[in-house]
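Each structure below is given as C-alpha cells.
In the two assemblies presented below, subunit A is common to both, partnered first by subunit B and then by subunit C.
Let's turn to the complex of A and B:
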C-alpha cells in the first residue's frame, strides 16, 4: 500500500490540473450550453502568448525589447500570466461573435463551429510560431525538485496544483458570492427573465466566453512547463476536459472538480501498474460512470440532450 | 431552415439524374483525372471516402445521431483486412468480408452502449469509444504494430469465378473501388428510400412520436449504428488496400471530426448526395489549395466556420435554395397573374 502513496499524490495533483483545464470549459457549457471544442486551442494560444511575452518576441530587438529581457524572469513571468489569458480572452470573444448565428439552433452547430475554430487557431499557431516543440521557462523559485519522506517530488507540479486550487476557489467565489456570478447563473437558468430585468444578455455571453477563454489560457500557461507546447496540444487537452465534464455532469461546477480528481486518481493509480495504459483508464472510467448514470455524477437536465 | 425531408426524395427507382451524373463521373474519371493535372490515386481515395461518408450520413443526417468517433470503424476495417492478409490467407473477398464483419461487430457492441443516449451525450460517448479504439490500436503493439501500424498489406488479386485479375496498380484498383462504390450507393439509396429510411427520418424529427407510433426506437438506432459501422468497415478494408497499410491515425478524433466536417459542409443534413459534395470539396481543397499554400487547413477551417454561420445546410442546401429561387422566377414569368399570393 505504501508504494502507492506517490502515485496517489501524483494522481491528486494531476486531478487538480485537469480541474484547472476543465474550469473554463464547464463555465461555458453550463452558462451558454455551447460545447467549446476550441477550448484546447485557446489553452495553447494562452501558452504561446505567454511564451512570446516572456521571451520578448513581441518587441524584437528594439530598445524596449532589450530592456524587457533585462528584467528579472519572475517579473516577466507574472506579467505573462496576466497578458496570456487576456489575449486568449480576446480570441475567445471573437469566437463568441462567430457563434451568434448558431444560438437557438441545435447544439450540434455550436460544437461544429468551435471544431472549425479549433482547426483555424491550430493552423494559425503553426503559421506564427512554427510546428516544433517549444518550452516555457519558469522562475527558479518554482523549478527543481524537493525531497519528502524519501521521495522526490517536482516543485513545479505542486506550484501548479496549488495554483489550480486557487483558481477553483476563485471561480467558485466569483460565481457564488458576487453579484456578477448571480447574473451569470441566472442567465443560464432563465435567459428571458434576465433580459426582462434589463441585463444585456449578448454582452453577458461575450464576457462569459471571454472569461472561460482566459481560464483556458491560464491553464495553458500553468500546464505547459509540465506537458510541453506543440501546436496540436489543444486536442490532447480538450479531450480530458470533455470527459471530465461528462463524468461530472454537464453544468455542474463541483461535479467537474470531483470528476477531475477521480480521473487524475485513476490515471495515477493505473500508471503504477500499467504505465502504457494510464491515459486509457479515463475513457473506461467515463464509459463505466456514464453507463450507470447517464447525466454524470452531479448532472442536471440540460438543453444539450435534445 | 430546410432539413432532409423538405427535399422530396423520390422513392422507388434509384435511377435519378443525380445518380446518373454520379455514376458517369465515377466511370469516366480514369480518363480525365490525369489530363486535368490530378492523379489516379486521388480517385481511389475520394471514392473510398465517399463510401465512408455516405454510410456515415445514414447515422449523422438521416437518423440524426451525431457520432464523433466514426473513424474507429474505418480503422477496425482496415486492421481486420490487413491482419487477415498477414495471418490467415491473401484473399480479396475474404479480407473485405472480415473487414465488414469486424467493423459490424465493433459497431454492434458500441451501439448497444450508446443507442439510448441522446444529443450531446451521444456525441460524447462516441468520442470516448472512438478514443478507446484509437488508444488500443496504438498500444496493442504485438497485434497492430503500434504507431507505425501494419505495413506491407498486399493488394490481392480479384477472383470472380474462373477469372483472376491483377488489381495491384492504381488504375485497376480504381475500377474495382468504383464498382464497389456504385453497388454501395445503390444499396444505400434503396435503404433510405425504403420504409426503413422513412422511419429513420421520423426518429430524427420526433423520437417520442416515432415511439408512440410503435417503432422500437432503440433497436432502429442500434441497427443504423451497426449498419453505418459496416459501411465504414468496407471503406476501411478498401483503404488498407489503397494505402497498403493500416495505421491508427485514421481512428483519431481529428479524422473522425474531419468526416463530420465533410458531411456537413457538403450538406449531408439536407441531401443524400451532400456527403459526396463534401468529400469532393475537401479533397479539392486539400490538393488545390494545398498545392498553393501549406496552411490549406486554415482556409478549409475558415470556410467551414463561415459555412456553419451563414448556411449550415451546406452546399446541397445552397443548391436546393438556388433551384427553388430559379423555379419561382420562372413561374412568375410564365403565369404572373394566375397565382398572385404566391409571389
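Let's turn to the complex of A and C:
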C-alpha cells in the first residue's frame, strides 16, 4: 500500500497540470460554444514567445539585448510568464476575428477554421523558430530534485502543480467574484439578453477568446520544461483537453478540474502498475463516465433531459 | 482460284491483334512496365515522416536523400537521366505509410521508394513495395524484424538495428555497472524487438531482467515510470524509447538527476532527437552509426557540403539520420549506374552483397549489404555525452567502435526469408 502513495501524489500533480491545460479550452467552449482546435497551437505559441523573451531572441545582439541577458534568469522568467500569455492572447484574438463569419452557422465551420488556424500557427512556429527541439530554461530555484520518502521527485513538477492550483483559483475568482466574470457567465447562459442589456457581445467574445488563449499560452510555458518544446507539441495537448471537458461536462469549470484530476490519477497509477494501459486509461475513463452519465460529471442538463 | 493478298491494312491489323494478345497473355509477374526512355527522369518517391513522433528525424532523413540526389543531378544524373522526387508525408503512421506507398507507385509512377524512421511505417511501406516489385530503401528504422521476419527482396535496411546496438552496449554496461537490468520499452514494434534482443544478450552475459516497463507511444509524462524505476532499484536501465517520447524522457530524467544512477543504455540515439538539448539531457551510453566529429577523411568536407546546401537549417551539422538517408540514396543511384539499366531485378542484384569501402562511407570498417538479410553490416559506435565539447554541436564522445562482425545480428539470418526473384514483379523504372 505504501508503494502506491508516491503514485497517487504523482497522479494528483499530473491532474493539476492537465487542469491547467484544459482551463482555457473549457472557457472558450463554455462561453462561445466553439471547439477551439487551435488550443494546442496557442499552447505552443505561448511557450515559444516565452522562449524568445527568456533568451532575448526579440532583441538580437543589440545593447538592450546584452543588458537583458545580464538580468537574473528569475526576473526574465517572471517577465516571460507575463509576455508569453499576453502575446498568445493577441494571437487568439486574431483567430476570434476570423471566426466571426462562422457564428450562427453549423459548428463544423468553426471547427474547420480553428483546425486551419492550428496548422497556420504551427507552420509559423516552424518558420520562425525552426523545426528542432528547443529547451525552455527555468530558474535554478525551481529546477532539480528533492527526496521524499526515499524517492526522488522533481521540484519543477511540484512548482508547476502549485502554479496550476493558483491559476485555477485565479480563474475561478475572476469568473465568480468580479463583474467581468459575471458578464462572461451571463454571456454563456444567454448571449442575447446580455446584448439587450447593452453589453457589446463582439467585444465580450474577443476578450473571452483572448483570455482562453492566454491560459493556453500560460499552460505551454509551465508544461514545456517537462514535455519538451517543438513546433507540434500542441498536438499532445488537444486530445487530453478535449477528453477532460467531455468527462467533466462541457462548460463546467469545476467539472473540468475534477475530470483533470481523475485523468491524472488514472494515468499516474496505471503508469506504474500497467504502463502499457496508461494512455488508454484516459479513454476508458471517458467511456465509463460518459456511458453512465452522458452530460459528464458536472455538465448542465440538456433541454431534452427535462 | 482466288489468290489471297496481304494488304498493309491487314498486316497492321494482325500485328496489333498479336500485340494485344501478347500483352493479355504475357507473363503476369511483369505486370507493370514503364517505358525506359532515356530522356524520362527517374522518379524516386520519398516516404519520410513530416508529422507525428518522428517528424524531426523524417526531415533530416529527407535532407540526406535530397543532397545525394542533388549531387547526382549536378553530375548529369544517372544513366544520362535526371532524378526527380515526390514526397508525401507518412505521418509516423503505418496505415498512412501503406497509402502513401500505393499512391507514389500507382499515381506518381515512382520506380523507387526511399525513407523511414518508424519500423511500423517501414514494414507497411515494404509490403506494398514488394507487391509491386519497387525497390524500397529503409533508411533509418532499426527494428531487428526489418531485416528479419519482415525482410523483403525489394527492401534494403541501412541503419544499424536494435540487436547491433545492444551488442555494442549491453556487455560493457553489465561489466561496468552490474547485472540487474530494467527494460524501458516503447510499446511498438521497434521497442519490442529491441527489448527482445537486449533480453537475449542480458541472459547471455549473465545479467538478470528485473522488470519491463512499457511506454505507450505519445507518452509525455514519465514520472510514474521513473518512480517505478526508483522502487525497483536496478543497476542498469536499458531504454528503447524513441522520437519525441525520448526527448520528454531525457528532460525528466535530467530534472531528477537520475542520469548517472542507475546507469542508462539508450539503445540508439538519433541526432535530431537530442540536437539543441542541454548536455545533462544526454546521459547514459548509446549507439550510433555515424558522428560528424569522427576523425576520418572526408567527414569535414561532407559537413561543409551539408552546410552549403542547407545554410538556414537550425541543425548546423549532419547527424546519423541525415547520413543514412544520404548514403542509402547515393548507393541506390550508384547501383543503377552499375546495372546500366533501371530494371529492378538488375539493380537488386547490384545491391546484394555490395561492399562499400570504409573511406567512402566515412566509417572505420568496410560495410556490406548482406545478401541474406539486405541489412547493411557496418561499424557501430558507442557514445556518451561529451563533457569537453569543442563547440555547442560537439555533443557526443565516442567511447568504442565495434566492427560489423562483432555486432552482427545472427538471429535475422535465420528469420529472414527473402522472396525469390521470380516471385518479385519485374519492371524498368
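Going forward, the second predicted complex is superposed on the first by the 299 of 306 C-alpha atoms of A that agree within 3 Å, B and C clash if a C-alpha of one lies under 4 Å from a C-alpha of the other, contacts with A are read in each partner's own complex, and residues count from 1 in each chain.
Note that in this section a residue touches a chain if its C-beta (ideal position, glycine included) is under 8 Å from a C-beta of that chain, and two chains touch if they have at least 3 such contacts.
All values derive from a computational prediction rather than experimental measurement.
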### Query
For the overlay on subunit A, clash or fit between subunit B and subunit C?
clash
### Task
Check whether A:14 is in contact with subunit B, with subunit C, with both or with neither, and answer first, second, both or neither.
second
#### Entry: First (subunit B), second (subunit C), both or neither touched by A:279
both
### Message
Once chain A of both complexes is superposed, is A:143 in touch with subunit B (first), subunit C (second), both, or neither?
### Response
second
### Message
Output check: A:151 vs subunit B and subunit C. Expected answer is one of first, second, both, neither. What do you get?
### Response
second
### Query
First (subunit B), second (subunit C), both or neither: which does A:133 touch?
second
### Query
After lining up the shared chain so the two structures overlap, which partner does A:236 touch, if you call subunit B first and subunit C second: first, second, both or neither?
second
#### Entry: Stretch of subunit B penetrating subunit C in the combined three-chain arrangement, among 242-250, 296-304 or 332-340
242-250
### Message
Shared contact residues on subunit A, subunit B side and subunit C side combined as an intersection?
### Response
276, 279-280
## Note on the structure
Per the touch rule, the subunit A residues reaching subunit B in their complex are 35, 98, 101-102, 105, 107-109, 111-113, 115-117, 119-120, 122-124, 126-127, 235, 239, 242-243, 246, 250, 276-277, 279-280, 283-284, 286-287, 290-291, 294-295, 304-306
### Task
Under the touch definition given earlier, write down the residues of subunit C that touch subunit A in their complex.
51-52, 55-56, 59, 187, 213-216, 218-221, 223-228, 230-231, 244, 247-248, 251-252, 255-258, 272-278, 281, 313-315
### Query
In their complex, what parts of subunit B are in touch with subunit A?
1, 66, 113, 116-121, 123-125, 127-129, 131-132, 135-136, 139, 253-254, 257, 260-261, 264, 295, 297-298, 300-302, 304-305, 308-310, 312
### Query
Which positions of subunit A touch subunit C when the two form their complex?
3, 6-7, 10-11, 13-14, 17, 130-135, 143-145, 151-157, 225-228, 230, 232, 236, 267-272, 275-276, 278-280
